[in-house]
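Note that the chains are named A, B, C and D in the order they appear, and that numbering of residues resets to 1 at the start of each chain.
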């Protein structure tokens, strides 16, 4: 490598990857949800688990909430609880897919009463944000249809635009709306926000506080995701990432697990496009980096530790790319040379330098080993007896 | 059309499409399972609903069971109950995906104790078959892994072969084992029986009572399914179909809903390859035609009626293909001519002639309308109050 | 059907599907281009062949040109020639993929000299449009890269925007620019205009004379194309279609051949969204319907006849949809009912009524048969001896 | 790493990756084939170029021929020429896709005369093998259809089986037939050998000298290729690899370029399944490792050097996997632990140790740099003036 790790180490400071509260609860497929000892029963227990990830990695200072899964009576108290265990409350995620009323749509429903109910739910989420100090409202919609003809694709778009406008108008000055898109599931014929183009068209119509959320698992097979990253950064509309990985559909595996090279390419375009680092520096709205994963068969807390480490390792590799040499090779049509410069960074083993980086900052060199040695898992397994383990349903 | 409907009408007699008992219970996605009034609480109620489909269409004389979902104490009594409402018990489906022991595999598990438990479950299924008179044991495995390295792909195959042999050896002389393959889900990195080639290799090793089950929703994007139908019929190993349709993954939509032309092409290869009609006539083992669908958002009983009608309509179109003219066009490299002969059958509207066919056999001309008019749905909604509605979990 | 053919027959008048001049030349794959007797050597012969399609169907009054493949010295003379054989000259297609200079890009190239050459080529195309009276300049770019790192994705977008602006500024008041997107090929890592979102972002930045061109074969597997149609019509940016069909990649098969139901759904959304019929009526810019196909193994002229008939047949079915009944079913969440209304139109055999429609307008009832009987193919095979048959290369 | 590079270095000796003669000629897409200075005009020039790859890497002792592209009058003389420049002649590839007679099929054609012509071509290839001492006859068929109905899928299989038998019967005792499968292209509706299952069924029917050829670019999107590797090794039928990589279709990019992690997983299953190393050791028929790539936009000779280095680097990583630790983690259901063991090997930077390994064996530490410094490219560009550059057509 012509670029040394030392020269980029400073840029790794301050990296923050938001954890999803729901990653600490049980999840699974339509076939089976396996439960595990020690799984949180409450949002407080989820926050406590999430704090372990941050304590050991220094990478995860915030936790995203999901309403109503993480509903409490007193959000100010929750905010204090979080601070007490060492994390902040982050993005608020709405949920309009688990109520019987939403069987045929929420913000797109033909019935104005149902649409208003879904809009009101988002108003409630904004109230939560006001109480927690969260800046981002993330909207992922399960809306769509299973059969051709079931719904009116065009009419649903028009109603969606109207509903989003009502929600957007309620945002405070420092709040943002991020609209996630998804190729399919749970709808199997058409999805109302299936691609970045649709999300982009809507957030552009809404205004400067609306952005696109890119979930890395929500694309058609073969989609070049780093292209979308580059494009949205160029258009000033990349609001946030939902990181995970996939081999097939929305598998929600650990980010970087299925295709580490793809994660590297994505992080490279983030860096290239000014999406990494302090927002003031890049002159653009900050990009929020979040995880959105399911730990169906692996342990949850170490699964989250592994995830943020993967993002950090690929960020380091992306920062290591010798961009001056790359520019020169690209300008002369040196295909193999340009590719080699990129691959050199990818193949560089950053794990040793990152361990040293951690130690120099008072963190354990090996967070996975440190967690295993901590006895935390045995402790929660012993303590959390009785009650109902958290899952997507509650 | 050069081939008239009258000339093929007789071949439609005796067509039988097996219904899955679980199609009458609730189903959904990992995001939500919607419930509906009138959903069966017991296998007896499922059979009663299934009998409505057969009564109105004459197409669905058998119902497949799923063990343990349809477990009862007395299968002889269940057999009599079925006969009483007008259907027979069909294929027995095993289930090794909802027990905690199977988190990391069943017939492929590294632990011999778990493997034996899974084998024993299949022995129990064979016992059920002996009691019900069912001839087919269908095995679909959720076995697989989510992460590279999680399991030993090769070792799992060897264990699978061994476990299947133990099950196969228990079959009676008139019983068959059909092994289903699936591209992915619930496993998201590798599936132990992912493609027809794997299923074929195993059933060939087992012997002449083992066959492949082809689920039309279990393939990679773009797979030419009718080719597999033609190939398996040629190899004498097509045991059964699980019919459904899909736009994306294993969507389990109503068969023919997503791509009616594909269903037509599949049925054409079935007819072409001798897989349709009495087994004695074709000289091969009979192909079992089953549905395997989820009615997540649509009504279940009419969903099943629509499904068997779709299969019947496409069978009629497939029989209408003028094969003599087609052979001639194919032999002379007349691409457009050959294609036109196939399309002519597909574009022929068989709905009117089929209505007449039904009436001539004492069936309602329009089974969907007849069901709507029957009042059955209102009746079960009123009667089936209390208890636990059936779903995949129970 | 509740909607009768008679009630929609009038809406079929005036339907126009533009033919691509290059469909009459030889085409193939990287493995082989087969030649056939009678293939045109000149644009005049291509126009003459195209005129046969219009003469027999009344559906194809225009022929799109491809520059430089159809380059002539005198475009006014070509315009007159076209009028003489009974067709008009339509869309002008640029070509920046067959010159060695464009190996690493055209409008996106790092070298300003190459970019200007590509821009100048489009200026030349606009000159051709001025001479032929064509209103649409269609831009499809082969620009992209084969290897990660080969090019700078972000920089290429910025240069693309600049180049497009230069071209756009040259358009006359009544001229339009339509920007086509394509998932992949000939570039195999990234394509500079890979999806509708990218095309939409560019044409929106350009202005009201710029639109998106949707090629039905240019999407990722599983993409819901009719959704994009509905969305672009809603956004007022659907400029034109390139019709063809595919099972796998950009197969360029006859439109409707691979998935006739998909073509029906697309035409339904066109009708639903106001994209069909006189532009003045719908209040939007007119949508241009074009074919873009390859007849690699089938006869070219009948291949084009079959194609325009497929579009017409599916348009008729789309017009037959009982939208009032559909709206009602959609509004009440009647999934099976709504789907059935759509399918009723699809399954209606419109071929007989369309034959009558043709005869009533002085056209042959069966254009395919009429062409076969005309002796035209034998005539051109006999006459067109010597010279170089047209293909993509010339 | 618990496994050291030193402990596996010896296993890297003797690794051999066969080069395709056609990789040194021009290739491209249906849109454009770019030519480059110095491109070989003859098979002798191709062999001379290929020898450079072997001289600098020690990895590529053999060159595969393609008949008729590499046809010569005297194959004994060619064999001596190859030996003179330092390589051997390897696999013979047949070609039945560039003759007009094969427009509608070759070994599957309805016309017995065309089938015999195609069989005779394979006899000729066996004659070449006898003269060159090549052991493997590789058959990749372009046979297939573009439109439903165009051909009789079932009948084509029967004819294919018959034709293959005739070819197989002509093989010498030490010769093998390897049958390649391909998902699609150039056929766009159905391919006669589309998947490993079909190839497996045919080679099993043929006998013990027939094997499957796995081209890494010939699968449906999402296919788990390492599973197929593991399965075919288990079944004793993996004959050879055609290495390349892809993002979309059969892109034929440099192996490892699109998804290096996938190449690693494939090599791991090769090692795991006994497919790596001397055949006598593993007790199975040897697996032949070949490249099959297109260098459309990058330099050809360094493109091949990069390719064999990629295979070597991933082989080293695969050998580094601590299989004892992996077995233990797999046996206890330690998902994250097992995955980490695999990833540890993948993330280990083997480039330094491999450079030392090369130097210790008298090879340049950096073959890419050594080639660039050699002046060979400038020399062939200067010398190879005039004549017709080799490409797929000749």
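A few points about this structure:
Everything below uses one rule, namely that a contact is a pair of C-beta atoms (placed from the backbone, for glycine too) under 8 Å apart; a residue touches a chain by one contact, two chains touch by 3 or more.
Just so you know, these numbers come straight off a predicted model, no measurement behind them.
By residue number, the contact pairs of C-D overlap by more than half with those of exactly one pair in B-D, A-B or A-C, and this pair is A-B.
More contacting C-beta pairs link the chains of A-B than the other of the two pairs A-B and A-D. Separation between the centroids of chain A and chain D, computed from CA atoms only, is 40 Å.
Listed for chain A are residues 103-104, 146-148, 150, 183-184, 189, 221-222, 224, 247-248, 257, 261, 297-298, 335-336, 339-340, 343, each touching two or more other chains. Listing the residues of chain A that touch chain D in their complex gives 221-222, 224, 247-248, 257, 259-261, 297-299, 302-303, 306, 335-336, 339-340, 343, 346-349, 351, 368.
Of all the residues in chain D, the ones that touch chain B in their complex are 103-104, 110-111, 146-154, 157-158, 183-184, 189-191, 194-198, 200-201, 219-224, 226-228, 230-231, 233-235, 261, 265, 269, 272-273, 326-327, 329-331, 333, 335-336, 338-343. By the touch rule above, chain D contacts chain C in their complex via residues 27-35, 97-98, 100, 103-104, 142, 146-148, 150, 183-186, 188-189, 221, 246-249, 251, 253-254, 257-258, 296-298, 392.
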